[in-house]
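Going in written order, the chains are labelled A, B and C, and every chain counts its residues from 1.
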Amino acid sequence: MIFLKMITHESIRPFTVLFGAIVVLGLVDRGNGNFLSVATAFSVLQLFSTLGLVSLALSLSLIVRGFDLSVAGMLSLAGCVAVLTGAEHPWLGLGAGLVLGLVAGILQGLIITQLKIPPLGVTLGGLLTFQGLSYALTEGQTIAYPHYNLALVLTKPIGGFLSYRSIITLGVFLLIFLVMSYTRVGRDVMATGSDQHASRIAGVHTDRILIGVFATAGLLTALAGVLLSYSLAAASPVALSDVLVPAAAAAIIGGVSLGGGKGNPLGVAAGVLTLCILRSGLNAVGTSPFVHEIVTGAVLLLVAILDAPSLPRRLISWRLRARRI
Amino acid sequence: MSNSPPHRNPLSNTPILSVENLSKSFGPVEALKSISVSFHSGEIRAICGENGAGKSTLVKILTGVFLPDQGTIRINDLVCHLGHPKVAQQHGMAMVTQELSLAPHLSVEDNIWLGNSIVPLFHRQRHLRYKARQVLELIGLDSLDLSQPVGSLSIGERQLVEIARMLARQARVLILDEPTAGLSDVEIDRIFNALRALRSNGTTVIYVTHKLGEVFELCDAVTVLRNGKLVRTCPVKEMNRESLVHLMLGRSAQEMYQPSQKTRESPMLVVKDLQVPGLVTNFSLNVSSGQIVSIAGQIGSGATQVVRSMAGLVHNATGSVQICGNNVPLRSVTGAQASQIRFISEDRAREGIFLRLNVLENLIATRLESMFVAWSVLRDIATTLARMVGVDDSRLEARAGELSGGNQQKLAFGRSMGRKQPGVFLMNEPTRGIDVGSRLDIYKIMRKLCDDGNLVVMTSSDLEEVLGISDVVITMYRGAQVNCYTRGQVTMHNVLTDITHPQMRERKEEL
Amino acid sequence: MLLLLTIGALATPGFLSTPSIVALLTSMSFIGCVAVGMTFITLSGNIMSLCLGVTLSASSLIFISGLAFGIVPALVLAIGFGIAITACQGFLVGYLQANPIIVSISALALMLGTADLITGGQRIYPPGDGLDILTGNLFGVPVEVIFLISSVGIGQVILSYTRFGLRIYMVGTNLNAAQAAGVSIWRTITGSYMLAGLFAAIAGILLSARYGSGDMELGIGYDYDAIAAVLVGGTAIHGGEGSVLRTLLGVAVVSVIQVVLLLHGFSQQMQYLMTGLIVLTVIMLHSMGEEHS
């Protein structure tokens, strides 16, 4: 019982779920070696690199109670910009993509804090604008990136299951984890999400925090977009727009609360890994790709129901009604 | 605190803080009229006055939220301009409001240092932890775990953490606004002990309250404000309850309330074994119509939960409620309304009325009997109701949010009135945050409701109000009913004892 | 801004020609039906749904495959499906207070996945014809426009003249106050979602009739156009303020901009960008206006 309580404790739960997913898929695989292999680990981490930073960006915005829808648009926009500007010098493309993400995030943060508009409205506008921009830049086509060798370098396996891309992603996760857990800034971010009004009275510069969070979200997403486009040696405005569902699902599985003030980068990492393992695992045991979408959607729906504020209340009234009191 | 000034005799020597001829107006309203008062180190000073007397304006000027129109503020004999809360803080002014500024998900330690400018970027440091422990010890919270999230603390403990934060910021003058609202006696005692410890440490405590008992129990001196003017400052020793009430009101307390005209005999509302897990145990009631029944109790006594349960708003309430012999379904607002229950919330902005809808829509919100809306009929109804409660019926199209607090409360009443069948009116704190004039109107409406054969069941934390208006007073303590009095039997002393220390009385009776 | 738009439109060569006006009106109809549905969700305080476009596509699939049983059963099936899908979401949002955005994106993923699993991602075609009545003209007006006008009419009557409509406003501006006033929160919210599903399904039927096929890509972009129209019309994103007629105005603005851009030779892609910028501008203008008043 104590053990059960421990593994379902809020801060441990994401890791329990991750472990459960590995065990279940391992059992389904029944030692065929398709699932529990270094190759699967590699592909999981590659998926992780795409989804992880977006999910982390989304989580940061959720922690301060701002649902940053624009990450879905920024992912493809940053990729397109990087491919277009970095044809000669990859670093230039990277720089352009990152600056774009940062500036866009700051702008959204400014609009939210200075005009006092709900973040959802602003980031929806951002999503549409970024998507439109990337369509306009690419004229709706997939554009190829000439540096194929860069793609090879980025995705070359290192030590079997890592690659430069996944190392960068893991590094960013570690950095954000350290900032959130050990610095005053991280504490202020949590405080702002926990109770914005109270934090402002206490003397936290909540506006700066919000702008900073949206800027970081933009930056992280842009980094993910650039890395993805470079490693695919292509950028396309459409293919990436369906990232929002898994990113949100991963964040919530990772222990981020829609009510704000809760969440930890390590938990988010576990959430993302869970989804990636589900995906790779389902692949490895040979299910149709459409099933992934259904599974992700179902998981997200389930989490939304479990996270619903009125669920406990409704359960109690059902029980009372059943007893006819 | 290491650099505490030597303990000085209160009401002597140079004051640590003094204001001279302080005035402040908001548009045509003069909130403060040339007030001069001084505060000394090592004293606990009460500031008393009715709503609108100017207490909060004075406090907000002292903490730099408002700039005064005129007058000077001296701290340690130096003239200061407290133009901004930050400046006030640097001068050692600190304020703890009812609305706490703690982040519930963060730990006690993080909350103590939240918003403090001396915290370095890497904030997990041993000396900060040590200092946090020190300030907690100073106010008697030695046992608290620094890494516990504040959300898991009781309201009283949070209040103390808030005070600890101010001490960590080197506060020399600590201002508290109604700090004991919503606290149990044990917690009130803890706060009082903490404040006494601070006093002997040389800190000045300014204590804004309308609970007269606390003035006499805790404070050294009291400053009374009325209508923005300073009435008097004097040591508590020289006052008694009656003289203080008289200073605050400028008249005696009884004039506001009209006695009831008639009572009827048949029981209208019968409640049996009403239970809300953890909040209310076995509450029973049997009253006839034409009366005002008050349930008195501190916050946490379950009084408001009793009222909310009957209104159908508590999802885990059980028991039986009957009106005129008919069963009222619990846990369903619609069911309660069909049984002629009308609920008026204490929290107007959150659940009382629709601030963004207009007056008309607010008045007819609960009387949409048919599928389709006939606006002309509804407009007639709304006009009648508006006149009935004294809201200007030419303002039917105005947004409810533009009305004064008193008029908003009248809307909430109006919505429930004008029905053919008599009903049970349930209300929590019917006059919270309402100016004296509208308060009188609302008492008149309540009495009128009774004369029309309705029953009013209300809760209030204002005991003067409870004693003045009620025909029946029920006292509650920690979820259970203590006593039931009728008008004439009830005294302030009985009610106060019941809702604070009922067991002491029982013990006396045993002896 | 409206004036600018009118001048811009009139100054565009070819804008006033009959075919382009008919094209404008039909495209308005598709966006309009979805936007009317979206208005109900926004008014009820649930911000927006990101799955109305997919609901539209899925109803088009159901409609086209249902044609095997005749046109009336197909209509009933498609509309019933649209309502059922959104009713489930409305129930989760209203009864359990689940987050509306999360519920809508998970429904989006579920519907896309299921539909692709069944159809294999293919477009489907009707077994015969008989769709003419849904694409022709009635009294010289395209059928789509008639559907738009009746959707707007019905929607506005529901909002202004029924108890349910008034309750949507109450729930949208203040959930707790509505509950204390005896309004059943979950019924009202579920009802608003069902209306949204109804109108999305109608748009799906009309679109599939126009293109003569059912397709999961039919509804792409309609969510965003509808949201843009709702917001441009001045319905508040936090709920409780706005109307269907205002949304119609918003639909007109969004569609006119798109047609003008198209006639000026801008690509489809630029239209996405414009929609985004319009949404941003309108939200900002709206909030600034609110601060002044």
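Points to keep in mind about this one:
As a convention for this text, a contact is a pair of C-beta atoms (placed from the backbone, for glycine too) under 8 Å apart; a residue touches a chain by one contact, two chains touch by 3 or more.
If you're wondering where the values come from, they're calculated on a predicted model, not measured in any experiment.
The touch graph of the protein chains shown is complete. More inter-chain C-beta contacts link the pair A-C than the other of A-C and B-C. Centroids built from CA atoms put chain B at 44 Å from chain A. For the pair chain A and chain C, the distance between C-alpha centroids works out to 29 Å. Annotation: 47 Å between the Cα-based centres of chain B and chain C. Looking at chain B, one finds that none of its residues touch two or more other chains.
Across the assembly, chain A contributes 314 as residues in contact with two or more other chains. Those residues of chain C that touch chain A in the complex are listed here as 47-48, 92, 95-99, 101-103, 105-114, 116-117, 121, 224, 227-228, 231, 237-238, 267-277, 279-280, 283-284, 287-288, 291. The touching residues of chain C, when paired with chain B in their complex, are 160-167, 169-170, 173-174, 176-184, 240-241. Interface residues of chain A, counted against chain B in their complex, comprise 182-185, 187-188, 190-195, 197-204, 261-262, 313-314, 316-317, 320, 325. Residues of chain B that touch chain C in their complex: 311, 313, 333-334, 336-337, 343, 345, 350-357, 361, 365-366, 368, 370-373, 375, 415. Taken in their complex, chain A has these residues touching chain C: 67, 69, 111, 115-118, 120-122, 124-133, 135-136, 138-140, 237, 242, 244-245, 248-249, 252, 258, 288, 290-298, 300-301, 303-305, 307-311, 314.
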